[in-house]
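In what comes next, chain A is part of two complexes: it sits with chain B in the first one and with chain C in the second one.
Here is the complex of A and B:
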């Protein structure tokens, strides 16, 4: 049971990172990314291929972050140059390209069989008994670091500028903000975060294949961000946890209602998530939490004690 | 200060600006009046970079800025408001203003994370300035509300104070009094007059003739995409051609 909970918690950490990436891109800056799973796959495969080639884990992850960030920056730049609405199509296409490459370029990606035997970082030092727990601790630490970094960004003038671009890019531009640069940076930052998520996933199972990065991964991220409240990093953590709770809790339905077979359970799980999201949007259309807003008294007291973090 | 030469802008078959040449002089408040559809807003949009003109050239403080991006123009000291308010609806009033501030690292994603103290110090300064501007138009008590909660008139006032946050040298105002209650129009006139005394120039597109009379050093009348005449308020409002243009515009 403990082992099961540790695995679930690690998966939630990865899902939270993916949702955070989407929250920067779409939640804050209004740039949709339907190729999110493709970015995670790109990150996972880059890390996997490099570690299998003998790179130390840290360098492999760093390289993977750079690859995904540059890819994110390029994709947003290309689609901005065309026209802003093209981002949806471009990211969808990117996701599909990544899927096809991972499936068909077997010499590089192992094709449908995937890449087994990805060396897990520090496995000799930690030892195999406690490794899963240590890995979870590492994953949670990474989530915490990304979370606090993003919170600082969100609470700064740049964070407000990103939200301004989302609300009305002409106004943001007329007030002196370089909208194109902000968009490219936000998309690149999101790309970098997906690479961290993908790398964790590669190390988690020490095996990756294309079936781990399907559209449902993207869908869960959107659900977490929408349920949590667009723009709120804390909200999406709550959102991702709720989704995982519904998914996993329904697993035990089989023990309670014995007439159901596995396929029916799987269908019911998705129905539960859908129903949960619809109910939430009826009763709390703005999501569980509100995004950060700067308020005047607190801001003028910048020299006073640090903000309480009240949202 | 602002020199517009032979600017043309078409929307499909409609010619919104047609060989439009006009000079806005520094040290003055120049009003631009004319019937609906004369091309006044299109002119402001071309000057501010929101639209790229099809032809002609625009110079701002002796720089050629034809087709320049809005943020470049904003940095050169040009601010604007919109005829139909464009508040940043999910931002608070204070945040709307802070967006026009120029911190030392406005685009950096690293500074807020790794040099947070400096960023917050700069922000605190900007907040003081922003609250002062909001106070000037009587919106300071609403600083923490999101802009979507404001009335139409309040949104106009917010836009003006937001434009001023840029510390502009010249402000283009597109019908700032439209939808604003009469007592507030008086405040607007005061604020604009004070700012002009402090050295800010204005191009004022306005239908409210009291405001035009109260503020303008010079009036440009536009009709059918090009200036028809210019002169002081009295000369312009008694001119037969102007009356005709307005009547023509109504039909």
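Here is the complex of A and C:
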């Protein structure tokens, strides 16, 4: 049982990281990224290919973070000429490109067969006995670091500027913010985080193939962010956990209910997620948690300083 | 983060804590009947996602086998066999989570099913680490390639064995200029090279070799490129949905090249004909690793499944055999300890034992200390040292006037 929970918790950590990346890009900066799964795949493949080539895990992950961050930055440059909806289409295209490349460039990515036997970091040192737990600890640590980093960012002037860009980029730019640079930064940061998530996934399964990085991965990230409250990192952790909880806990339904057959239970599990999300949006449209904002009582007490334009 | 007192902002820490504790505790609350006694097996098959259609028939077949074992008094001196089934969602990560759940929570000694190579690939390490038996219904060679300590058994022909059969069919029909239009998926891509090799060995030529992606909105470009070159025949290994679109496109374009495909696309338990009608389907050759269709055990199986006589189940028979092979091996080894009974599988499945198709009779013979070689509903169930099934026969059929006609059995 414990080992099962450890696995689930590890998968939740990966989902949380992906959702956090989306939250930086979309939640905070207002740039929709439908190519999220593509970024995760890019990160996973970069890490996998490099570790298989004999790189130490840490360097491989670092390299994949750089690759995804640069790719994210470049992609966001397109937003220079395109407004939000069009960027969404471009990111969708990016996701497809990654998928097609991973599927068709067999010499590099193993094509549809994927890459098996990805060496897991520190296996010899830790030993296989407690490896899963140690891996989870590592994943949680990474989530914690990213979380606190993002919380700081949210509270910093840059965070305020990002939200300003999201809410009205014209206002932000007329206040002297470099909108384009902010967008590039947000997208690159998000890209870097997805690379970490992808690397964790590659190490977790020690096997990756293109069918692991489908649109459903992006959809779950959007669900986590929407359920959690757009912009709220704490909320999305709760959102990602609830989705995973619903999905996994419902596996136990059929061990108890014997009236329904497996095909029906399987459908019900997915209906449950959909219904949950709809109910949530009806009764708590703002999401489970609220985005960080100077709260009303305090704002009136210590009138929030307006952006100064020096940032 | 902040400890400022502000207006109500959702669940309190206490709520979260209570919910979290409940969440953690839930899986521990197990019904009492799951305690000591029954022998537990797991099964991971798709019910949702792109391959969701194949789950139900496999479930039904596996349950049939379990029921007849339990009705006859169970295994190992009266212990009931319990089967826990999980949905793979056609997503490798979900399949792996399901596998983990079966191993850790349900404490199964083996997990069977596994339709789809990526799901098997993502799950196999979990089973090897836990020293549980894995029985797969998927074809990709990679599943059994690396050392798996004798724990993985494939109830399916390897992909590389499929290709030459397609080539032989085209050769027999006298088609020399041949093209390939294949779906990009691990199971199908691995059959292309052996196909091409066999065609060239027989003196044929490959005009085009094109792969396409599943779930495309249209296949016009691919169809026009391949069929436009007017080869004698085109080998189109795909799955039901994309093959249906491709054939409609071919019909619309009025191309003359003959088509050869896999039965799981061009038959799919009759769903292909339902989707396109007899005109489009006319003259399509198709093949698949066949269950021993003429054998009494397969006929009895089809009847038990409630299907019309002559139905060709590609996967259900394998699922049925997986349960039976595992049950027989456990009985032979006298234990439900996976690492032990997995070694008994060749002893109950391969010759020189007496060939027997009825699982219950096999059980009886094993209990009497006789040597038996189980012949399954899906295949002969003989295995090599690597866990791959041997002697898979392929059934070649052709569609005439909206019906499948038997042509031959190839091996």
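FYI, the second predicted complex is superposed on the first by the 284 of 311 C-alpha atoms of A that agree within 3 Å, B and C clash if a C-alpha of one lies under 4 Å from a C-alpha of the other, contacts with A are read in each partner's own complex, and residues count from 1 in each chain.
To be clear about the criterion, a contact is a pair of C-beta atoms (placed from the backbone, for glycine too) under 8 Å apart; a residue touches a chain by one contact, two chains touch by 3 or more.
Bear in mind that the values here come from a model prediction, so they are computed numbers and not experimental data.
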Message = Between chain B and chain C, whom does A:289 touch in the aligned arrangement: first, second, both, or neither?
response = second
Message = I'd like to know which partner A:178 touches here: chain B for first, chain C for second, both or neither.
response = first
Query = Looking at chain A, does chain C or chain B touch more of its residues?
reply = C
Ask   = Does chain B (first) or chain C (second) touch A:170, or do both, or does neither?
value = first
Task = Please indicate which partner A:256 is in contact with in the superposed arrangement: first for chain B, second for chain C, both, or neither.
result = second
Ask   = Touching A:266 in the superposition: chain B (first), chain C (second), both, neither?
value = second
Query = Of the two partner chains, chain B (first) and chain C (second), which one does A:189 touch, if any: first, second, both, or neither?
reply = first
Ask   = Touching A:161, do we find chain B (first), chain C (second), both, or neither?
value = first
Request  = Could you tell me which stretches of chain A are touched by chain B in one complex and by chain C in the other?
outcome  = 295-296
Request  = Spell out the part of chain A that touches chain B in their complex, as residue ranges.
outcome  = 149, 152-153, 155-161, 163-164, 166-168, 170-179, 181-182, 185, 189, 291, 293-296, 299-300, 302-303
Touching residues (chain side chain A, partner chain C) in the complex = 1-5, 7-8, 11, 100, 103-104, 111-114, 116-117, 128, 151, 201, 205-207, 209, 211-212, 214, 216, 234, 238, 245, 247-249, 251-252, 254-256, 261-263, 265-267, 269-270, 284, 288-290, 292, 295-298
Inquiry  = Taking the touch rule as given, give the residues of chain B at its contact with chain A in the complex, in rising order.
reply    = 48-50, 69-71, 74-75, 79-80, 82, 86-92, 94-95, 98-103, 106-109, 111-113, 116, 119-124, 126-128, 131, 143-144, 146, 162, 165-166
Query = For chain C, which residues count as touching chain A in their complex?
reply = 1-2, 4-7, 9-11, 16, 23-24, 26-28, 31, 34, 47-48, 52, 55-56, 59, 84-87, 89-94, 96-98, 100-101, 103-106, 117-118, 121-122, 125, 129, 140, 142, 146, 184-186, 189-190, 211, 213
